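Take a look at these structures.
Note that subunit A is present in both complexes that follow, paired respectively with subunit B and with subunit C.
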Partner chain A sequence: MDKRYIYVLLFVVGSIPFFVPMVLPLPITEMTSKYNDFIESIPDGSIVAFNVQIYRSTWPMLGSGSAVTTTRLFEKDCRIVFFTMSASGVPMIDFNVQEAFKINPKLSDKVYGADWVDLGFVSGDESGLAAFLTNIPGVLPTDSNGTPLEDIPIMKGIKTGGDIKYVINAAGSVSSPPLYFQRQWVAKYGVKLGLIAVKSTGPQVTPFIEAGEMQGALIGTGGCAEYEALTQKPGPALSLTNAGSITIIFLMLLMVASNINYYRGRK
Partner chain B sequence: MDPSPIIGMLMVLVMWSSLYKENPLYLIGENMLVGVSMGYFFVIAYNFIQTSCIKPMIAGSYYLVIAVVLGLMLFFNLHKKYSWVSRYPMWFIMGTSAALAMTGAIKAQITDQIRATILPVLSISSPMDIFNSIITLVLVIAGIMYFIFTREVKGPIRHVRTVGYWLLIITFGVLFGSTVLYRVDFFLGQLNKVLKPEIRPCTLLSAILILVVVKLWSRWQEQKGVVDE
Partner chain C sequence: MMSFYKSTLPKWILFICGIVVLIASIFVVPEPLKNVSNEIQHFTSILTSFAICLGAVSLGINNVKRTVKKQSGWCYSIVLLISLIATIGIGISLGRKSANFMWIYNYLYMPLQAAIYSILFFQVGTAVYRTFIVKNPTATVLLIFACLTILGGAPAITCTIPGLTALNDWILAVPQMSGSRGIMIGLGVGIIGISVRTILGREKAYQMGEE
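Take a look at the complex of A and B:
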């Protein structure tokens, strides 16, 4: 059979929920529940560091989790220090904030510099993060607009990674979970960390959540959809999850069919 | 009107057109992706070096010249005769990264994980939690046992290794399964992008046009006698 027929079928099956709205059951997993508890446990008005390492390509998957988290933090009057460990994440910081303002338009009065700041790109992965946490104004003397950090109200008194107690790591990394946040920030400064990551990182971060080293995680579109449901801010992740469920059922049927076909061929 | 959703949709469709057959539209899209990415990364890296290195160096932080020199030494890798020069900054990067990772990893990935495996068994909690903790502890020991190669494993202990072996197989299965799910998520994310209600007519029209171009290209190639590899 020409594999292009399978592609066409996959497109058709995956598209159904975008044309026909449907409501499928969505149980809340423990990881998402813990993540929600973590966000709600952050005291109102706290300063939270937020790594927006989501790219344009992974935004449809994880963007809603990131935007809803930003909305929820702003609703709690938390002040957010945004930065990104990836060059591709630079334009996504502002995009993320604008999406949060779309979710709750009342938040659009949040003031740049007082309620949130965009520090931009921190280069160097693990070594870069370690240097950044040791001396934040030393590594990034200005924000992404070129304003010196000493002139930004939210950055007053923030010199090292230990001056911020809560961290959100929205990491669209494909190859591996960014464990260096665990090593450099949590282990050394004792901060509390929540993660938003792609599906493939789920099994790798589970031990850290079980051990209490990570407070909770939104894993893949499913995790983001569960968080949308928990916070009662329905968004694109919910419809994507329905499409995901139908596509996975279709893929499983294909696997069963091809295995039956294989065994019949052997006889 | 913001044209970015339409440009994004066109690029996704052009890249997907390779599923039918490799074609010039796909090659244009591929080269655009590489070119735009390289240009973008160059600008971001240049700005970062400017802000974090050049400006502070001019302001008096002269020690940063070491970083600049080490960075420049990496470019010797492009020269066949003097490529050895690039090994020194590479050793520096490797050494620093390994040392930094080790210091945090001992707590985050070793001691805290051992504590989390053992302590729940010893602490008084619900019978179900104790049962789960014992299962975790036994499976961790079985998994570690599989990697004991210093002497031949004989007797009943080899059954523990067998449990460890199956544990690893199940773990790899879970990892592979989650990778497949990630790809499905990724595909649907892009599908959502091209099927946004406001651009759906445009998507349909673009898909038909791209398909026609690919079909014509394919026919022209066949007439020329070009065979796909």
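Take a look at the complex of A and C:
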């Protein structure tokens, strides 16, 4: 089959849920369930570190999970220390917070510096994270606005990675951020880590979740949609999941067609 | 003398940095040694920032050369150079949070990135058509597991077929996890081997291009 036909068919099939709203059932997977339990187990008022490493390209896939998590943490009066391990993720921190305020407008009275802070970009990937965790004010003496950390109330008493007990890593990348967060933060400082990750990271992190090294994960749009359903904050992930379901059915049909085509060609 | 600067000195720097960080990570060491180890790690962040600058300079130089020599695709190089200079210029002169810089990020960078990523959707479709073909028993096993995993990602299907979620969870928790753990342990052992070779100066990949 000419690939152009496949492209057109994919476009048509993938567009259906956007024009014809559907309510499809949504079972909750174990990973999402564990993630929700982890978020709910964080004591009210705790300080949580949050790596927003979601790019604009992966925001439709994972952004909702990140924004709903931020909303839920703010609702629990948790104070959030945002940072990013990606240079292009810097503007996404503010975007993420604004999305959380849209989900629950009552939260827009949260005060920068007291309830949340944006530390900006931590460069150097795994080595950079290791350095950051050994001396947070040493690596980032100011927040992303240039305010010294000692002048920011939420940062009082936070010197190393061990001073924060809960970490969320939202990484829209298939490389290894979840694993190096586990190595550098969980293994060294014994913190509790929750993940928001792309679908292909799922198999990579399953062993760590089963072993209790990571507390839970929202994997792909499906995981984010499940979390939206669990927290009763319906958003874009639920409608995207419907589109995903229909596309997957179409991909299965494509696969059957390719096999039929292959065996017909052999005869 | 050149050989000392290009080969011997980097090897010694690497050896000393590697040993100091390794010892400080594994053992309880005196405070001064711990501070040296921390400083070495901090230096990574500084080096990475310089690497980003170096990357931008290298990208610029290569594209200027391409444009001057009018090699194929030189017009794209001009677009790249204009974008690079404009973004860096606006970012440095007006600030990263200025309206102009954010306009570039929100209305140029974001849509372009999203557009490029969305092309994957179509690539996956054609990849499924071309590669998921039952040609032999191994391919059949791969195909069955792939289908079950893919179907497990479609809530509409998992709700329709009873037991599919449980089967999918089992695939992730048993066969997949065994394979993943094997790969991770292998990777870990490999990384230890490479690290030891690098610290001892036997690994020369970082000296690429040098004898």
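What we mean here is this: the second predicted complex is superposed on the first by the 263 of 267 C-alpha atoms of A that agree within 3 Å, B and C clash if a C-alpha of one lies under 4 Å from a C-alpha of the other, contacts with A are read in each partner's own complex, and residues count from 1 in each chain.
Keep in mind that, in the parts below, a residue touches a chain if its C-beta (ideal position, glycine included) is under 8 Å from a C-beta of that chain, and two chains touch if they have at least 3 such contacts.
This is a predicted model, so every value here is computed, not measured.
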| item | value |
| --- | --- |
| Subunit B versus subunit C as contact partner of A:Ala225, first or second or both or neither | second |
| Contacts of A:Ser46 with subunit B and subunit C, given as first, second, both or neither | neither |
| Touched partner set for A:Ser33, first subunit B, second subunit C, both or neither | neither |
| First (subunit B), second (subunit C), both or neither touched by A:Thr160 | neither |
| Which superposed partner A:Thr147 touches (first subunit B, second subunit C, both, neither) | neither |
| First, second, both or neither for A:Asn104, with subunit B first and subunit C second | neither |
| Which of subunit B and subunit C A:Gly212 touches, first, second, both or neither | first |
| First (subunit B), second (subunit C), both or neither touched by A:Leu254 | second |
| Common interface residues of subunit A - those touching subunit B in one complex and subunit C in the other | 7, 10-11, 14, 56-60, 87-88, 90, 123, 125, 127, 130, 138-139, 199, 202-204, 207, 210, 220, 244, 247-248, 251 |
| Residue numbers on subunit A that touch subunit B, as the complex places them | 4, 7, 10-11, 14-15, 18-19, 56-61, 87-88, 90, 120-121, 123, 125-127, 130, 138-142, 146, 174, 179-180, 182-184, 186-188, 198-204, 207-208, 210-213, 220-221, 236, 239-240, 243-244, 247-248, 251 |
| Interfacial residue positions of subunit A with respect to subunit C in the complex | 1, 3, 6-7, 9-11, 14, 24-27, 29-30, 55-60, 87-88, 90-91, 122-125, 127-128, 130-132, 134-135, 138-139, 144-145, 199, 202-204, 206-207, 210, 220, 222, 225, 241-242, 244-252, 254-255, 257-259, 262 |
| Subunit B - residues contacting subunit A, complex | 8, 19-20, 40-41, 44-45, 47-48, 51-52, 55-56, 93, 96-97, 100-101, 103-105, 107-109, 112-113, 115-116, 171, 174-175, 178-182, 184-193, 195 |
| Contact set on subunit C toward subunit A in their complex | 38, 41-42, 44-45, 47-49, 52, 96-97, 102, 105-106, 109-111, 113-114, 116-118, 121-122, 124-126, 128-130, 132-135, 143, 147, 150-151, 153-159, 165, 169, 172-173, 176-177, 180-181, 184 |
